[in-house]
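Step one of this worksheet: look at the structure below.
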């Protein structure tokens, strides 16, 4: 393929934004320390040099204001990208996302639109502890009017971010911190991956794993391990929680008859419950040959100690065990 | 607040009860323990006593109505209390009460019934297998779907998953082991609900053709042309299931011997008046055989046994069941500790039980606990037969008629009143020699009844 | 005679009668809505701006058509002043498809994005940063429009006020924050909820102008807001204008108003902004008694007609429920 090279996930996010900003004057970024500092994780590094401080807009530490400002700008014709340093801070921006961005179009009877992207790094694994490590995507997925994206690879990140920016609705774009350094082949040219299209990361026969974000990588590792015992695992990455590609998931479960759902977010009230319920309500139910298994974070704030931090979220071993359990081979 | 009267669940398989009669009218006052109404279940008729005291406020159902278990039948409370106009359906209180076991005496009665029935009148006999009752089958949705597609009864499929859960593969394996049949034969069998396992295929390696299935269908086709159809239910169904279970699990062996009943007849004549005076009942041969069997079992303990799981239970008590023909089936009331009772007591008890059985008011405890059964067909022109063991017992004695027959005696042919005894036993538990020894002993005792005194 | 009037630049005496008409429209609209709610004819809740007509009409009078506003939960007046059709507003309250939001928004969410009304807001303080964002668009795209952000005394105690005003001030966004200080945040008297008397004084903390105007005097409001709008349009950044006024009615439909006195209400009723403008216009010869009464009756008639329009409009169908969630 032309212009294919390896890029990190972080570079892919940056490239998607830069390319779009070159194409579309209406796109700009606002966020804290995204200017010369380059953003908390360095995603916007170098961009202020190219696009200037007007469009790479350093903001005060005011998540409530910048989220609302993004809403107002979007409502009046811009396509803002809002970077929140940590997805945990979405709690401060929540009112604007939940009560304003998500509802304006509907409340106004279909007039007005809010084409904005809220990008934000999520997840544990960096030792940042309880207030900087959460995975709160289920909250956002619950709110009608928002779209929720969770890319797991560099390739997906670039294509999904392009689609998110092009979308006329508010999109919450979760970037997993541990994914930032992962690499994959990414085309140089712009491309779009439609929101609502799941990706089969690995084909298999015996069991379907639906995994999101970093858990896609862990599931792939687990699948390698399980292969040695002759267990063939299919891994589906929904990529977007809203809209959700139910068709691909249902199709896969009909094929394998077994489902394990894995996410890092706390299992209780997590999106895995939604996926499990969708299968239970779907035609795939009659094909289930084992109870659905959900793996998610323990119901605990993410601890600081590295060992405890690991223990709080599902690991490769947990996935291997869960798969064996649904196959009665544990 | 008014208290619910509900249809009690009297056995693990009971789903509905038929209301036979009310003993109280609306407005009557009721004491705890008063019989309220009588119901018929799939096994027994029973009087249900009140758990509450107060005024019978409402009767929602009439005689002959079928009422699901735990559904509210009526209310007891104080006069003038408000109660629903229409039957409110399932009783929450009933479920809770049973779970919490709060009402001691009455609930204990229920539990005893529950326990005794699962051990003695259990229709399938395999209480350990959760899949024996269709509502309790553990199977995955996929297994259910495949089973349905192939007309497979899930209860027949062994589950390999946790706690016997049936998986799709189990159904697949079961299908593989299923009889070979042509697609047309399967279709016809499916439509007619004929189990392919029950058909002998006429093709190579027993392959079943359509014609084989059609053959099975004949009887029902014939009856379609005019015969009466009756649903297998109640006692009939239980008898059917238990007979099948016994015949298919216990390898039956039947020994027969002829007994010269001259002395026994003599004995009966001598005691007839005395016993009738004492009890008001006439001594019959059943009681004499019963007495003799009890005495012999005492000496042949290895026939007074049951098989439970992997264990043989040698019963201390000698409790003798008496098969009684009733309308639409067979009941086996039990004479407890028969070896401890004299002929007078036995006569009174046998008569009472027989009447109760025919009138469908045997108490559950009167049908439980048997260790050996006697089936007497002596009132018919039957000499010998092969009785079916009343599981979980391991042996049954068939008693034929007394008939004068020419018998060789001291070099001459004489006419003697002869009676054939047929002893069926479960060869898993009892061997031929001990069974023969028992039957020989029994013959001796009946031919020389004074040995009963020893 | 007009020289007696102190008018902001670009406004002439002959423009003033139309403002009186708008104030009458607002007054009659609100009274009609109050009546319907009292009769249970429309459901939900509503917040009425009777007594506050001058701040809405005066502030918006100095705007150009391209300028935008963000409104509050007490927003009917802003809406009418920004040129909304009362028919479609009334239809919205009746939940009809001809309403501004096809019956999906109701009283608290009336918006007319095409005419620069970015919408009322059910969240107290919800408009600050949206107004800032709209002003950012104007700045980035050099569109030259100014955003007028209405808020109440209560909203100035929300954290969003601080964040958005600070942000607007550092970026010099073309936005004017106009506080309609009607003395009460629901039942909370402003003087008990803030340790300063004037919201305008808070402007100092952001290094922007803060001006107090008589909120019951259309002309004073026009002058104060006009100055701030001009400043914003010139790229000099935001201001806060505080219009002191009074909410005649309760907070919403079920309010016994136990937190204030009859006397206080009477005092403010004497400062009726409509009566004041009317007498000025007659005094200045811009209206006669007759023409003023005629104008009042016209306004009344328009509101009566809007009720007929709303009543005769179709209800949405269940099929409409899931429409308009996503663009």
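Per-chain numbering from 1; labels A, B and C assigned in written order.
Note that in this section contacts are C-beta pairs under 8 Å (C-beta built on N, C-alpha and C of every residue); 3 or more make two chains touch, one makes a residue touch a chain.
Here the structure is a predicted model, which is why all the values come from computation and not from measurement.
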Chain nearest the overall Cα centroid: A
Chain pair, most C-beta pairs within the contact cut-off: A-C
Centroid distance [mean C-alpha coordinates] between chain C and chain B, Å: 87
Geometric centre distance via CA averages, chain C-chain A, whole Å: 41
Distance from chain B to chain A - Cα centre to Cα centre, in angstrom: 64
List of chain A residues in touch with chain C within their complex: 26, 28, 54-55, 59-60, 62, 64-78, 80, 95-96, 99-100, 104-115, 144-145, 147, 167-169
Parts of chain A lying in touch with chain B, wherever the complex brings them together: 257, 285-291, 328
Partner chain A, residues of chain C touching it in the complex: 68, 70, 99-105, 109, 111, 113-114, 118-119, 121-123, 126, 128-138, 140-141, 159-160, 163-164, 166-167, 170, 323-327
List of chain B residues in touch with chain A within their complex: 140-145, 160-162, 167-169
